[in-house]
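Pasting the structures here.
Note that subunit A is present in both complexes that follow, paired respectively with subunit B and with subunit C.
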Partner chain A sequence: MKLELGKIQIQDVVAGAEEKIEANILYINPETIVDIVLEDDRLAECSVEIAKPGESVRITPVKDVIEPRCKVDSSSGIFPGVINKVDTVGGGRTHVLKGCGVMTVGKIVGFQEGIVDMKGPGAELTPFSKLIEICLVLEPKEEIEPHQYEEAARFAGLKIADYLGRLGESIEPDEIVTYETLPLQEQLAQFPELPKVGYIYMLQTQGLLHDTYVYGTDAKHIVPTILYPTEIMDGAIVSGNCVSACDKNTTYHHLNNPVIEDLYQKHGKELNFIATIITNETVYLKDKQRSSDFVAKLSEFLGLDGVIISQEGFGNPDTDLIMNCKKLEEKGIKTVIVTDEYAGRDGASQSLADADKLADAVVTGGNANETVKLPKLDKVIGQLDYVDVIAGGFDGSLKEDGSIEVEIQAITGSTNELGFNQMSAKGV
Partner chain B sequence: MILLTNNPKVSEEMKAVNNVKIYYYQDVDYGGILEHAQQLIVNEKLILLSHPLSGSIKPNETYYKTIFFSEKSNQFIDIESLEYIESALLVYEKFMKNQMRPNWTEKILADFAFVDLYLTKSTLQRMGTTYVNHSG
Partner chain C sequence: MTSKFKVVHYINQFYAGIGGEEKADIEPFTKAEVIGPGIAFTNVFGDEAEIVGTVVCGDSYFNENLESAEKKVIDFIKSYNPDLVIAGPAFNAGRYGMACGAVAKAVMEELNIPAVTGMYEENPGLDMFKKDAYIVPTKSSAAGMRKAVPVIARLALKLLKKEEVSPEADNYFVRHRVNFQAEQRGSQRAVDMLIKKLKGEEFITEYPMPEFDNVAPGEAITDLSKAKIALVTSGGIVPKGNPDHIESSSASKYGQYDISGIDFLTEATYETAHGGYDPVYANQDPNRVLPLDVVREMEKEGKIGSLHQFFYSTVGNGTSVANAKKFAAEIAEKLRADGVDAVILTST
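Right after this comes the complex of A and B.
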């Protein structure tokens, strides 16, 4: 499967009556966007606000971030099975609006969504401060339950990312990058001398408000399966996760998965990137055993020499991570795990909820218990009064002068377990 | 199966589910439920069916916890269950030592109870037990 990803660099976003992309500027019409969002009768209100890198703006509570994309000259669309037909994606051509994101903002369950600062020390901790954010500030109808609101907010973000992405269909991209993975036998034959490497992509699937969708299906009900990595770039995986802002994989993270990007960069040079195996993180212990057994079995079946395993979330998923790692190592398949840590504010405590001596190659996204002091910023998009109850906040987090002291777990993407962040620890 | 919980929403809604016994302790917190779970594993020799740290909400944030057990006692203590619960207790103590749980408002507690209820429903669904909400 071969995908051409045409990158259109968006240098500014301008709100007005026109909708177009011209000279790398994205023109959006907030009224049209609001109309599309409010087609969903579970939502009562929507306003559109634009936040730019370096502005004195704090956005909270942030639910999801989505990069606008579209399929070009194709009958299929991005986010298949969710807002477009459930056609197989990952081939042909896709245009992407780089440098901007659609951000859904609103309180789902009162305490778990994150903070994105566009300036200052908080901005250094999140990749989303580097994008021009098109914020959809949402309010649900009063009578709906949190999980219904989550679904409505999820669809709102995806629909607008799809809508804006289509403005780029006929635009000549600034850069085109080609990614290709061949059917298994051909891929094995292409670089027979290189180590065969796979990617084990663990998806958050513990239950409502902790879910991830693959071609529209709830991933907690799947057994591990194989995807071409390019399918993920076309939105085959979308986030429905509302918990643990720092290590939640937003839809933006899935679309721009850095493990996949880096494996392609080394493909044909240092390694032969064979496949992505998606698996889940479940609550039922029998599911954990079944899924980790399937991961090990599929990896062995593909003849992999080594894998990278990434995680999403805290606690229970640590067990899935270690089970996957252990079963793969016991089959002689080398593993590197990518995770983050909850090691206390001094960093001295045990980092994960589970461990095994076979997990001897670890990439960390940082210690989520570290604290940071965020100065007052001039403008808030969303609702600041929730900061006291956001994960990583604590009583008195919000000071009278408008500054906030929080653990970095309150900041969206700060300790991302795909490695889509700056923080890590290096050692031998 | 047995549902060990301190969540009033779980206690109320799961009453209608066939083959589910509810052990409801309304006056204990998350840590208290983990301790009760440890006792069921050690004294009653029950087997854990769900991960005690279910959900990615931190143990020093949420107040509520629901854990699934098999109804049938084993002849011996199930070592795997014991390892899970002991590890969960260590994680719980670590988090509470780092930062005590705030004194939440009723609204926030209701949100936490909802999330725990959702996870419980999803887990029941995975176990193949049909959940019927008789309240409408």
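Right after this comes the complex of A and C.
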């Protein structure tokens, strides 16, 4: 499967009556966007606000971030099975609006939405401060339940990312990158001398607002399966979860999965990137055992020599991570795991809820319990009422002067476990 | 010639040559000279640093008069205006280890200068103070002095010169973890690490796996109908309004709540503080997480002897193992004091 990814660099976003992309500027019409969002009768209100890198703006509670994309000259669309019809994606051509994101914001769903600062120390901890954010500030109808609100918010973000992405369909991209993975036998034959490497992609599926969807299906009900890596770039996987902001994989993270990107960089040079195996993070022991058995079995079946395993969330999924790692290592398949740490605010506690000596190659996204002081910023998109109670906040997090002291757990994407950031942690 | 760095050395009565256990109650005193193992440190320091004074305290005295002894010792140390303090090493001597750790911690916190000590891995002072002080691993007895001294002295010199130190390069126990910005993003580091691992080349993990505690199960209750049972949960059930403000994640506390006379929890009076799951079903019927209703029935039917008057609750979500361990120890102590025989521990 071969995908041409055409990147259109968006240098500014302008709100007005026009909708187009011209000279790398994205023109959006907030009224049309609000109309599309409010087609969902579970939502009472929506407003559109734009936040740019370096502005004195704090956005919270942030649910998801989505990169606008579209399929070019294709009968299929991005986010298949969710907002476009179910159809295999990952081939042909896709256009991406780089440098911007659609961000769903507004009244809290659970406790686990995040903070994104566009300036200051908080901005340094999140990749989203570097994008022009098109924020959809949502208000649900009063009578709906949290899980209904979560779904409505999820669809709103995906629909707008799809809608805006389509503005780029006929635009000549600034850069085209081609990714290709061949059917198994051909892929094995292409670089027979290189080690065969796979990617074990763990998806957050603990339920109760912790779900991820694959081609529209709830991933807690799948058995691990194989995807071409390019399918993920077309939105085969979307986030539907409210796990702690620091280490949840937003839809933006899935679309731009850095493990896939970096494996492709070494593909044909130092390794032969064979496949992505997606698996889930369930709550019942029986399901954990079945899923980790399947991961090990599929890896063996594909003849993999080594894998990278990435995690989403923490605590309970640490057991899935370690089970996957252990079963693979026991089959002689070399592993590197990507995780983050909960070592306490003083950094002196044990970092994971599960461990095994076979997990001897670990990459960490940092200690999520470390605290940060965020100065007051001039503007708030969303609302500050929840800062004390979101995951990573504590009694007194929101100070009288408008500044905030929180664990970096509360900052969207700060300790991402796909290895999206440069942050790590070390013993001192 | 540039002036030498000033170091103060803390030792116990034994290494000061005063005596053994019979002199362990000796009060703190100081001499502006090098005593006992200090001589070995001086040799490694060469021209770069010197021990300007030695502070001595008996191990029993220190441990029996923790606050006052520590204050006296710190005052003596302060009087030399030193750049660094070396304590011990204590090897596997428990009370000496506790004293060295406490002195090193206080020096770093109050005088704002580094402190280095040495201990055997099983010394109780290690667990207590390793997150604060620089503690070098030693053998279990003073026979390890010859090996320990150069490691401690070299680490001290690096700290004096404000050079970067690390547990791996300078051989001390990890104090704590701190975040930093690496040169490459995590995924790139993972791919590079995997390539090295596949080639059989050396690689450095970013997080060495910890040794996990194993807790042996207690003895089974033989007659449940005589047993006093308590309910404890990490599922975050609290009286409505969360009076103790237990955090939705990374809990720093737990709550103790009286349930005498209450037969079941209701939506109107209890809720969950937990931020790790959709709280709707727990809030609708908090007995789903803290099963008071069925346990109360069992009490009435005589299946269990009695239900304890209090339940204990915290939030497991993102809570550090160290905090969880601390809460558990405190709760267990209270339960034991109240004569509780067994606990039903629910999570989420």
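Just so it is clear, the second predicted complex is superposed on the first by the 422 of 428 C-alpha atoms of A that agree within 3 Å, B and C clash if a C-alpha of one lies under 4 Å from a C-alpha of the other, contacts with A are read in each partner's own complex, and residues count from 1 in each chain.
Note that contacts are C-beta pairs under 8 Å (C-beta built on N, C-alpha and C of every residue); 3 or more make two chains touch, one makes a residue touch a chain.
Model, not experiment: these values are computed from the prediction.
Three-chain overlay on subunit A, with subunit B and subunit C in a clash.
Once the two complexes are laid over each other on the shared chain, residue contacts for A:369 go to subunit B and to subunit C alike. Of the two partners subunit B and subunit C, more subunit A residues are in touch with C. Once the two complexes are overlaid on the shared chain, A:209 sits against subunit B and subunit C alike. Contacts of A:349 after superposition on the shared chain: both subunit B and subunit C are touched. Shared-chain residue A:421: touches subunit C; no touch with subunit B. Judged by the touch definition given at the top, the superposed model places A:315 against both subunit B and subunit C. By the touch criterion stated above, A:195 is placed in contact with subunit C alone, subunit B being left untouched. In the superposition on chain A, A:145 contacts both subunit B and subunit C.
Once chain A of one complex is fitted onto chain A of the other, the partner contacts of A:220 are limited to subunit B, with no touch recorded for subunit C. When the two complexes are overlaid on their common chain A, residue A:341 makes contact with subunit C while staying clear of subunit B. Clashing C-alpha atoms between subunit C and subunit B turn up only in stretch 240-248, chosen from 78-86, 132-140, 240-248 or 330-338, once the structures are aligned on chain A.
Subunit A uses residues 110-112, 145-147, 206-210, 243-244, 314-315, 342, 344-345, 349-350, 353, 369, 389, 391, 394-395, 407, 409 to touch subunit B in one structure and subunit C in the other.
Only residues 48-51, 53-59, 61, 68, 84, 87-88, 90-91, 94-95, 97-99, 102-105, 107-108, 111-112, 114-115, 118-123, 126-127 of subunit B touch subunit A when the two sit together in their complex.
On the side of subunit A, the complex with subunit C involves touching residues 110-112, 145-147, 195, 197, 206-210, 243-244, 258-259, 261-263, 265-266, 270-271, 305-308, 310, 314-315, 334-336, 338-339, 341-353, 355-357, 359-370, 389-395, 407-409, 416-428. Of all residues in subunit C, only 130-131, 165-168, 174-191, 193-195, 197-198, 203, 205-210, 212, 245, 247-250, 252, 275-281, 316-323 touch subunit A in the complex they form. Subunit A makes touch with subunit B in their complex at residues 109-112, 145-147, 204, 206-210, 220-221, 243-244, 247, 282-288, 313-319, 342, 344-345, 349-350, 353-354, 369, 388-389, 391, 394-395, 407, 409.
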